[in-house]
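The structure appears right after this line, and notes come after that.
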Amino acid sequence: MTVNGLKRHLRRGLVAFSILVVFILAVSALFAPLLSTHDPTEVTLANKFAEPGLDHPLGCDHLGRDVLSRLLHGARTSLGAVAVIAGVILLLGFAVGATAGYAGGVLDSTLMRICDVFLTFPTFILAMFMIGVLGTGIVNVILAVSLTHWAWYARIIRSLVLALKNREHVLAARVSGTGRFMTMVRHILPPVFAQLAILATLDIGHMMMHVSGLSFLGLGVRPPTPEWGVMIADARQYVWTHPELIMYPGLAIFVTVMAFNLLGDALRDALDPHALEHTATDHARRETASSSESLQEAY
Amino acid sequence: MKCIRLVLFGFVLAFCTVLLSLANATAEPPKGEGVLVYSWSSNVGPLNPHRYSPSQMFAQAMVYEPLVRYQADGTVAPWLAESWTASINGREYVFRLRQGVTFSDGTPFNARAVKLNLDAVLKNHESHDWLELVNQLHAVEAAGGQAVSILDDYTVKLTLKDSYYPILQELALIRPVRFLSPAAFPDDGDTGKGIKAPIGTGPWQVTEMVKGEYDVFERNDRYWGQKPNMRHLVVKVIPDSNARAVAFDTGEIDLIYGAGGHGAGQIGLDTFERYQKMGEMITGVSQPLATRTLALNTNRFPTNELAVRQAVLHAVDKKALVDHIFLGVEKQADTIFAPSMPYCDLGLAPFRYDPAGAATLLDKAGWILPAGSAWRVRDGKELALDLCFVGNDALQKSVAEVLQGYLKKIGVKANLLGEESDSFYNRQKNGEFGMIFGDTWGAPYDPHSFCSAMRVPSHADYQAQLGLPMKADIDARIGEVLVTLNEEARRNLYADILTTLHEQAVYLPLSYMTSIMVHGKNIEGAAFGATKYEIPFEPVRKK
Amino acid sequence: MLRYILKRLAMLAPILLTVSLVVFGILRLGEGDPAMSYLRMSNIPPTDQALAVARAELGLDRPLHEQYLDWLGCAVQGDFGRSYVTKNPVLEEIFYYLPNTLILAGASLLFTLVLSVPLGMVSALKKDQLPDHLTRGLSFFGVSMPNFWFGFILVWVFSIQLGWLPPMGKGGPAHMVMPVLTMSLMSLCINTRLIRANMLDNMHARYVLYARARGLPESVVVGRHVMTNSLIPVITAVGMHVGELFGGAVIAESIFAWPGVGRYAVSAIYNRDFPVMQCFILVMTTIFVTMNLIVDICYAWLDPRIRYEGGGQ
Amino acid sequence: MTPSSSASAQAYLNVRDLRITAGEKILVGGLSFTAEKGRVTGMVGESGSGKSLTCQTIMGLPPRGLSVSGDVLLNGVAMPLEPKNAVLAHGSRGRQVAMIMQNPISCFNPVCTIKTHFRETLAAHHKSRLDNTRQRWRSSLVQVGFENPDAILPLYPFQMSGGMLQRVMIALALALDVDFLLADEATTDLDAVSQRRVLDLVASLVHDRDLGVLLITHDLSVIAHLADDVLVMREGVLVERGNVHAVFNRPCHPYTISLLEAHYRLYGIDMEASCN
């Protein structure tokens, strides 16, 4: 029993930790200009590779910019981009998925064929291609990552809606005369939103790595915008003399992604839509050629 | 059990496939004694002497040779041509070719080979129209004359339209006037479409090209001059300068040699400094080879104003830039061409670092810094300009970020536009920039070819100068200087042109580019070439 | 079964057609001007006249649907045009580098499967014991690790500090170790977690209880009943992993200077070499779709439920 | 008739003081009963009364994490009860005593054919290949009423109905020549016709092969129809036992009475009337 208690304790600790990390990130992203002691783009060559000290808690980078300020503003860029991406994906995915699932018929199959097309591409490759055509910059990165990810969500939402639509209590509501719209709002949306919250939280880490990965390849945000992937790429050439410069942004990404993963797990445990999930997964697995859900589940 | 067997079967199958492809795909470059390993960011390319990208100039220079060779002191020396004479009017040149030279396939080098090659170049003159030499020769042909004539087996005469003075410098260029073995010409003689094999008279010949991995050069044992010390030279493909440094650290390559700077160069300058401090390595920095500079657009707000341009030039602390970004590897540049270049030692007064003076200049011009604002304003317009650079060139990026910082201090807002090279060059062409990076071409192009290009609308320099009231005058002088035979007149014309450009503050020269070199103590004989485009591998010896 | 395969194969053509349409659409509606890139790479000064000539030459001045049909017609015959940079046929270039990427991806996939199966199994069988905690902890770390950072840490530790592994390039098996690790880390961890979850689910399945009740030895119960049902869904995940691995390959090839198609594509993007970008995404997508097709067929082959239901429809 | 102590010595299945606990919670508390070959012993009780748990424990397969004490004697031989000893028990498990379970479709491995199930089951108990033949599988399928066993063998579980699978389960038991059958809610999910068919099959097997059956169900009509003796469970404790007629006609324990009442009311039979 003590083992179980310890485990529960540990688990609760991890969840608390993840909430704390996400909170800190959100705060630093929102209030980066207030929290940071320096302008993240201010170049002071005399401070090149300055040691950590009172003025610069984490030291300075190759152009004498304050690393901590850049990290804070980097959180703003990364999280901001991911938040926008998640918003776009959820909106688009929800609109398409719910419409398809609820309307059925020709509309459903048309929308799903469109999703199929997007699911056909390997996501990162398609994002790269879009950047290649559209050019770099944060807006294009958001566009590329959103467009490559929304179709998964549309599919999942559609299967959820389909599964729920034929559930007894929903059918009962319909039979007892509740309107289509009200049924949707009352009986279908809440569980779908719960499920979406979990999926989105679990996927944020993934999207973040896409954004940073693109930036790392030089296909992401434009300088001097501070971004963690860019900071890693910038620090690469100083790894022999100043390995800490590559550690900070790397750790930042790592911890953020981990926190979101933990949070997603915890959210799943808390909302426990296990039965729902299974119906949806079974449904989806039969339909999609490439079952993204099993992957989602594994996260 | 059926299922398990199937899964196992799948694994075994996949494993075999991988092993098989591994076994097939593993090719190895030569190793060990007599092999020098160098690296470059791409394969050396098809090495057609009469074509440009994707062939790499350093490799073209290893395989093909010019009639005359550019020297470090700015003069040209006899090479495949033993001697030459120019006519009084400066329009006819007669070259006496070196005898006993053969191409690496055994074909003799003679007047016929020279004519064949020059004719092939002239056939595709459109692709070489940036080069005045080709235009001059082509103009003669177009007028019904003969530009290249064989006087005897070893004597060739070139006829120009005008008395174009830099002809010898341009004959020394790495491309396109170098010589392919007549045996390697395509059947229709048009090298513009491709060649049979890269065979030249140079000290090296290509023996193997493995795309994306490496190229192998072998000593040309038929070479007429000083033969290379090493039997083989392997050029590995390492596109990334960090990977190159790691490769050097782990002994994968023997030599780092070429332009400095993370991005376009061989290794980052910080990495170079690390090797300098290490003590176990031999490092070297060449003399200045070209100028790293930015052009200011005189045809666009707000840099169309002389005061703004002067203020920008005064705002930049080049010393700090050179100390911290170029780490002293490249020296501070105050004029667009180094004084050591021909006709360029003019004693022009540099724009000193003087932020206060810059601010005064702007104040006088009516650019006021409103209280509480970071940027100057006049008539409700913000003092802002676009600073354009190649986004994935780390060195340009760093410099751009530094410049942004300096300009901010005098209240000038610089918007950084780091883009793909495509968009970048597009901006150079159409003048959609406030400030833009642009290096001079270095010897042997500077100053004449570079100045010549200032008259071409698709060059950043033309676009940048377009707003100058005396632009037409400058172009006329450039046209004149290239064909004048009078040394004194030429000197005066250059002084005029360069002084005007300097005083009008069109260029923000940063540093004089150098080549760098790093190798272990087991390598000796490595030295710098006369231009930034060639690497003399011949004297290098590995113990 | 044959009917199922034929049905899936028949779906391949319309999928690829749509893919080509999307690629073409993105390319033509984007901001980039192919004529501009073409001229710059050909060292021709991009005057307005030259641009017009290049546009005509590249067929950019014709109506979009004509351009598409033309392009499609050529693409079907394997003619994707010539690279603006090297002037070689694009498909030839891509196919030159492709095997290197496939070797990496294949090795990573193999590594993923070979390692994740035992790890997932041990983790499930020793649930809540030390091996389980270790595996779960590691896979959790792995899922959160950005691969471009991980790759660099590997270089830093194994090449720079320890000097055990070659840092870059292609050569013997030693050259593959770090790229494969970098690429497969994410898939490996996801797969391990997937297998563990499947195993745990299946161990509580009623057919496992019944199998035990029939007196089957434990080796048969776990080895046949639990394993098969846990591993078959993993086949589906393989399809997903291939997509992830392609993305990872681009990054690993950039870090380790591996002469693969991903690195080639990145440089093509820098140069805005449109034919190469186009061909790259089409080839990669075709491989991805084909892999998924094979995965689906394997899945149907191994799981009779899909075979009988899917084939009957 | 109440089984005497001397009868219990001869009884085929002998459960003595079986206790199953999960932590503090008592799931089965001191259960003792016997069952004999050639007879059907019914076990009734509401859901959660510990019937299935008892059944699994007899098979030596209690769920993980439970502690078990007491004895289970099979033909006079004690069966190990802890799950870690399960391997030791497998000699008799399946071979002498077999279990058939409810919801049969979930009890078969979906990716294996019926043939595979037969082969692996027989292979686990008969070392020799001679006995593990198609002939044998077919004959046991015929015994449970499949007229064309060759058509059944290559089928996958999801291609068959619940009633068919239930009979396949019995056939699997027959192929091993078991002496005793534990039927855990074996007919609960079946439709009336299939249920009837399975029950008739069990009855005939008891009669023809001297099979012993422990029939666990909450359906009293099934007990009434098939069982000889009945055990009434409630909250892990045996509250009443005896001959089925005796118990049903003169229930003593209030729980038994309420069970019967509920059952009769549902079927519209007046209890007093039926008792008299």
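For clarity, chains are labelled A, B, C and D in written order, and residue numbers in each chain start from 1.
Throughout what follows, contacts are C-beta pairs under 8 Å (C-beta built on N, C-alpha and C of every residue); 3 or more make two chains touch, one makes a residue touch a chain.
No experiment lies behind these values; they were computed from the predicted model shown.
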Worksheet item: Taking each chain's centre as the average of its Cα atoms, which is closest to the average over all protein Cα atoms shown?
Response: C
Worksheet item: For the chain pairs B-C and A-C, which is connected through the larger number of C-beta pairs in contact?
Response: A-C
Worksheet item: Centre to centre, by mean C-alpha position, how many angstrom separate chain A and chain C?
Response: 21
Discussion item. Rounded to a whole Å, what is the gap between the Cα centroids of chain B and chain C?
Written reply: 38
Worksheet item: So what's the Cα centroid distance for chain B and chain D, whole Å?
Response: 89
Worksheet item: Which whole number of Å gives the spacing of the CA centres of chain C and chain D?
Response: 52
Worksheet item: What positions in chain B touch 2 or more of the other chains?
Response: 1, 3, 392, 420
Practice prompt. Please list all residues of chain A that touch 2 or more other chains.
Written response: 135, 218, 236, 239-240
Discussion item. Two-or-more-chain contact residues of chain D, please, as numbers and ranges.
Written reply: 111-112, 120
Item to complete: Report the residues of chain C in contact with chain D in the complex, numbered from low to high.
Response: 205-207, 209-218, 220, 224-225, 228-229, 232, 302-305, 308
Discussion item. List the residues on chain C that touch chain A in their complex, please.
Written reply: 15, 18-19, 22-23, 26-27, 30-32, 128, 140-141, 143-149, 152-153, 156, 160, 190-191, 193-194, 197, 233, 236-237, 239-240, 242-244, 246-248, 250-251, 254, 265-266, 268-270, 272, 274, 277, 280-281, 284-285, 288-289, 292-293, 295-296, 306, 309
Response to the item:
chain D residues touching chain C in their complex are 56, 59, 61, 86-87, 90-91, 93-95, 98-99, 101, 103, 106-113, 120-121, 124-125, 156, 158-159, 169, 172
Worksheet entry | In the complex with chain C, residue positions of chain A that touch it | 3, 7, 113, 116-117, 120-126, 128-135, 205, 209-210, 212-213, 216-219, 229, 232, 236, 239-240, 243, 246, 250, 253-255, 257-258, 261, 285-286, 289-292, 294-295, 297-299
Worksheet item: Which residues of chain B touch chain A in their complex?
Response: 241-242, 245, 262, 268, 270-271, 274, 317, 320-321, 323-325, 391-392, 394, 397-398, 400-402, 404-405, 408, 416-420, 423
